[in-house]
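What follows is a pair of complexes built around chain A, which joins chain B in one and chain C in the other.
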Partner chain A sequence: MGRLISRRLLTAIPTLLAIIILSFVLMRVAPGGPFDGERPLAPEVRAALEAAYGLDKSLPEQVWLYLTRLAQGDFGPSMVYRDFTVGGLIAEALPVSLLIGGCALVLASLLGISTGLWAALRAGKWQDEVLMLGATLLTALPTFVTGPLLALIFGLWLGWLPVSGQNDGWNWLVLPVIALALPVTGAVAKLARAGLAGELGSDHIRAARARGIAPLTILRRHALRPALVPVASYLGPAAAALLTGAVVIETVFGLPGLGRYFVQGALNRDYPLVLGVVTLYAGLIILFNLFADLIYGWLDPRMREG
Partner chain B sequence: MKPALFLVALIALVALLVPPLLPYDHISIDWDSVRVGLFSDGHLLGTDDLGRDRLARLLVGTRVTLSVALAAALVALVIGVAWGAIAGWVGGRVDEAMMRIVDGLYALPFMFVVILLMVVFGRSILLVFLGIGFVEWLTMARVVRGQVIALKQRPFILAAEAAGSPARATLWRHILPNVAGVAVAYLMLTVPHVVMIESFLSFLGLGVQEPLTSLGILVNEGAEEMDMNPAALLLPGGVLVLLIASLTVAGERFRDRLADAAK
Partner chain C sequence: MSEGYAVRNLGVRIGDQLIVDDVSFTLAPGEVFALAGASGAGKSMSAMTPFGLSAGVASGSAMLDGIELVGLSEHELSRIRAEKIGFVFQQPLTALTPHRTVRQHLQEAAMQAGGAKPDKAAMVVMLEAVGLSRPDERLAQYPHRLSGGERQRVLIAAALAHGPRYLVADEPVSALDAALRGEIMALLVRLCRERGMAMLLVSHDLAGIEHHADRLLLLESGRVAEAGPAPQIATLPATDYGKRLMAATPRLTEPLPSLPETGEVLLEVEAAHIHFPKPGWRRGRIDAVVDASLTLAKGETLALVGGSGSGKSTLGRAIAGLGPMASGIVRWQGETLPPRQRRNAGHRRLIQPVFQDPLASLDPRWNVADIILEPVRWLVPEDDQHERAKDLLEEVGLPRDFASRKPASLSGGQAQRVAIARALSADPEMLLLDEATSALDPLVADGVVALFGRLQRERGLSLLFITHDLALARRAAHRIAVMEAGRIVECAAREELFANPQAEATRRLIAASG
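Let's look at the complex of A and B:
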């Protein structure tokens, strides 16, 4: 397992480098820059600003400078939010995003897996049909539709929950987390159902049944682990879906998370901010894929260390 | 599958055929009735704050969303089938290298690259679907590769080779037609995905630009005035969800049917 982790972390380095360089070049070939404002700056001021941020150097030099700084954990200064470092902005925003994303992931897994398993036990019956149609409908719910809709119903009409911003309590979390978790719940439920339904028809389960083992014991000891393999392999894409969904959710609910910085940063041409957020997202997704593989190996020993 | 496909066809037909019959188009402003409610002054769904007919905007938006999705899915289809067929057909090191690239790309947070692309290249509608298409071909490539590898071992391919059919002809005449079913199934599953991405980008203001409109833009506008006029959010949101759901159901049923037939 140690070898798997170290190998995967090593192969993550070129992936990260590729995405950093790609985003770096993309941002720079874009027309416009961080110092374009309503009023054009005096040429000397502009030149001084560009020199201060290293924008006067050649592109390869800038990339190299950025990478060496990044290796020391320095994301550089924000070019639009003056006096803020990107590291500081991220440190402020990351906990919000992680809290929303983490809660949504836990909610979606619990709800999705239990629904999916139940549907598989009722396979072919009407409960199964209804639940799976519901799961498909859930996956079809974009966060930018459910977010405003939930805010409308539970925030504005019923007045039960706050619709925007954070507060000292916990109830500001409810609507964003639900909106974010819904599509992932549907996907997880479908995968869990397919996994268990396939497993229940397999030979080793039939053999266990023939030996007269109690149905619940069969489920718990023989069917459950292999049935969850498809769910585990979905964890990586789920993390990506939650991160992108969070961009919308943070915009809709006015939460100070990473996604908003990303969109704002891209629109303002705040190069270091966008790069920092992209790097962080890529790192998170790579970590999640690794985590998914570890769970995968735990669920199905044949998958270990291939 | 049938009712889902019927629903999609119905929505597409209405979006395509009805707008020319309406007394208003999606951009002209009716100065006498700005921001009127449902069923007033000849506007079935009322008008928005600029006095544009909501029904016309809804239909045109649906049309734009659907056409962007179809175009992007076709881009994904072409890249994915070509990539997967070559990797599966050639095999060996080439296959290994090509599939490694696909695995690597899967790990990237692609939505963010697309967002960057949109910001960088001025958000033209052409770029919207090219960009999405370039992101969505990965699954298609994997599926097609698997299918080609399975086909390669079948006796009729061996027979074709034994009869002296050149590789290119075998690929075109015998392999690709047999891949078509699976490719269409995944094309059907790609379309709802692209619908989602396109509206997501438009919602953030990075996709389709005014005066053109799309379901994502309409949902965004609707979200801003939902406290006064919930229909402005519910109608485009409802059409969007209905489209994505029925496309997904149709695609999944088609894929499952193919899998059953293969057994």
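Let's look at the complex of A and C:
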């Protein structure tokens, strides 16, 4: 297991490098730049700005400069939010995204897995059909529909929960977390149901039944772990996406999370900001895929060798 | 309370369909009783349904030690299974839970009837009793580390762990390597005798059980065909069905059937080597075939026999140009055939394959005529194509109107005949038969083997007959080559091979098939 972790972390370095360099080059190839405003800048001002941010150097030089700074933990200055560093912006926005995403992840996993397992135990009955229809609906509805709808019903009509911004309590979290968790819940429920329903028909479950083991014990001891393998493989990348901020939810509920900076940064050609968020996102994806693989190994020992 | 298991007028339904009808038998304490018959005859259904382990619903009566099983709830049946019976299934590869160690399986099994948790010494004794090597190490291992035979031994140990009076074994050896089957079957019977257990055995292989079972019941389409002492039913059946089944089961003791004359040598393989890189990140290579040489004459059948993993299929595929060959020469009538990437249609026409799983080798979306004519699609004028397909169907013993069918509507034997017709449409000189009958029911397989014989006589075909079944090879092949660990350890005419076996592997195979 230690070998798996160290090997995966080592292969993560070239992957990250490739992602950073590719994003760097792609952004420069796209038309426009950080200083192309409505009013054109005076040429000498523009030259001074470009020199200050190192944009006058050759592309390989800029990449190298960025990478050496990054190695020291410096994401560089933002080119649009002039008084802020990218590191500072991320440090401010990431906790909000982590909180919402983390809560949504826990909610979606618990609700999705339990619903899916319950449906699998009633496979073919009407409860199963209803639940799976609901799960399909949840995965199909985009958050820009469910988010405003939830805000409308529970915020404006019923007035139970705040619909925008943060407050000192916890109830501002409820609506964005639910809106973010819904589609993931649907997907997890479908995967868990398919996993368990397939597992219940397998030979080793029949062998356990032949031993007269009680149905609940069979479920817990023999069926659950193999049934959750597809859920684990889905939740790895899904977790990374949830935790790094959801731009739609942040916009709908007016929350200062990371997702907004990502989109704003891309529109403004704020090169360091976009690169910072991309690097963070890629790092998290790699990390969570590693977690998913470790969970696989626990769920099914055959995957520990490979 | 009467001891033993008595089944009276058992019926099994799935939905509206009556699968088993009016089956009666008794299993006395300590007896080994076998249910046999062709596939679909209702053997497993008759054995498993009264215990609640099949999709069927039982009617009639099944009394176990004076308790009526038919009509009991799943909860009550579950308790009876836990206390009185041990089960052994066909698929050792999948019947163990992948994330639970051998130790956990044995502990669960030993405690299923409320017994105490066994300590390590007790579990080692259990594994030793089923002949598993290095039992100490095995306890901590997960199932995927064990071979099929080792897993079946663990499953047998688990079935016995709670000290049951009855053992129900559903095709316990048919998924295993041929060399292991006799050994595991003998182990099961010995354990029953030693512990005074009664065994209900389900098997399609008459030859495999005739020496092991006390009594035998033959099922035909869900009904009893005949029943009696096992050696008698297996060798001197009274019914027509029993006779056909017996004739379809090759035995080493049967008289050698005559085979057609052979002509000059067509195929020569010299010093073939085949290896594969080890999977994953590991260094090194797996030597699948080492220094294999063989010849095949016109109208001759050469059987390539060996256990699983011996390299027989890999060698066959390489000869036909379907798989890689690292070095070695393949000659056809003295002319060297190029490596597989450079073989042209003319080379490929010579050797046509027929595979083990007929349905998997037919495209489900094509109709039978298109499948059969695929090799010659551009060579036969469009107007003649349908007649050609129908002629080929007739040649392999299928009705001409099968041409418009889809593979899904064919039985296993019919599908295999379509695959044979496809091989014939290229007008080959030689057929590569890769376990071409082992997925089929004994009666159907026997018909397909007979078809190969007829095609050989009529067309003068040469056959490379790859099989794990030595008795079948003896019945069908002029010469037999025995493979072990990638090498051809012996190759001789069939009379000579059995009269005077040279290699250790040959002697082991003969002993295992006897």
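FYI, the second predicted complex is superposed on the first by the 299 of 306 C-alpha atoms of A that agree within 3 Å, B and C clash if a C-alpha of one lies under 4 Å from a C-alpha of the other, contacts with A are read in each partner's own complex, and residues count from 1 in each chain.
Criterion: a residue touches a chain if its C-beta (ideal position, glycine included) is under 8 Å from a C-beta of that chain, and two chains touch if they have at least 3 such contacts.
Remember, it's a predicted structure, so these values are computed and weren't measured experimentally.
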item: Partner chain in contact with A:92 - chain B first, chain C second, else both or neither; value: neither
item: Partner chain(s) touched by A:128 [first = chain B, second = chain C, both, neither]; value: neither
item: Partner with the higher number of touched chain A residues, chain C or chain B; value: B
item: Chain B versus chain C as contact partner of A:50, first or second or both or neither; value: neither
item: Touched partner set for A:203, first chain B, second chain C, both or neither; value: second
item: Partner chain in contact with A:225 - chain B first, chain C second, else both or neither; value: second
item: Chain B versus chain C as contact partner of A:300, first or second or both or neither; value: second
item: Partner chain in contact with A:213 - chain B first, chain C second, else both or neither; value: second
item: In the complex, chain A residues that touch chain C; value: 202-204, 206-214, 221-222, 225-226, 299-302, 305-306
item: Parts of chain C lying in touch with chain A, wherever the complex brings them together; value: 51, 53, 78-83, 85, 87, 89, 91, 94-100, 108-109, 112-113, 142, 144, 155, 158, 280
item: Touch list for chain A against partner chain B, complex; value: 15, 18-19, 22-23, 26-27, 29-31, 133, 136-137, 139-142, 144-145, 147-149, 151-152, 156, 236, 240, 243-244, 247-248, 251-252, 262-263, 266-267, 274, 277-278, 281-282, 285-286, 289
item: Complex contacts: residues of chain B adjacent to chain A; value: 104, 107-113, 115-117, 119-122, 192, 196, 199-200, 203-204, 206, 216, 219-220, 222-223, 226-227, 230, 233-234, 237, 240-241, 244-245, 248-249, 252
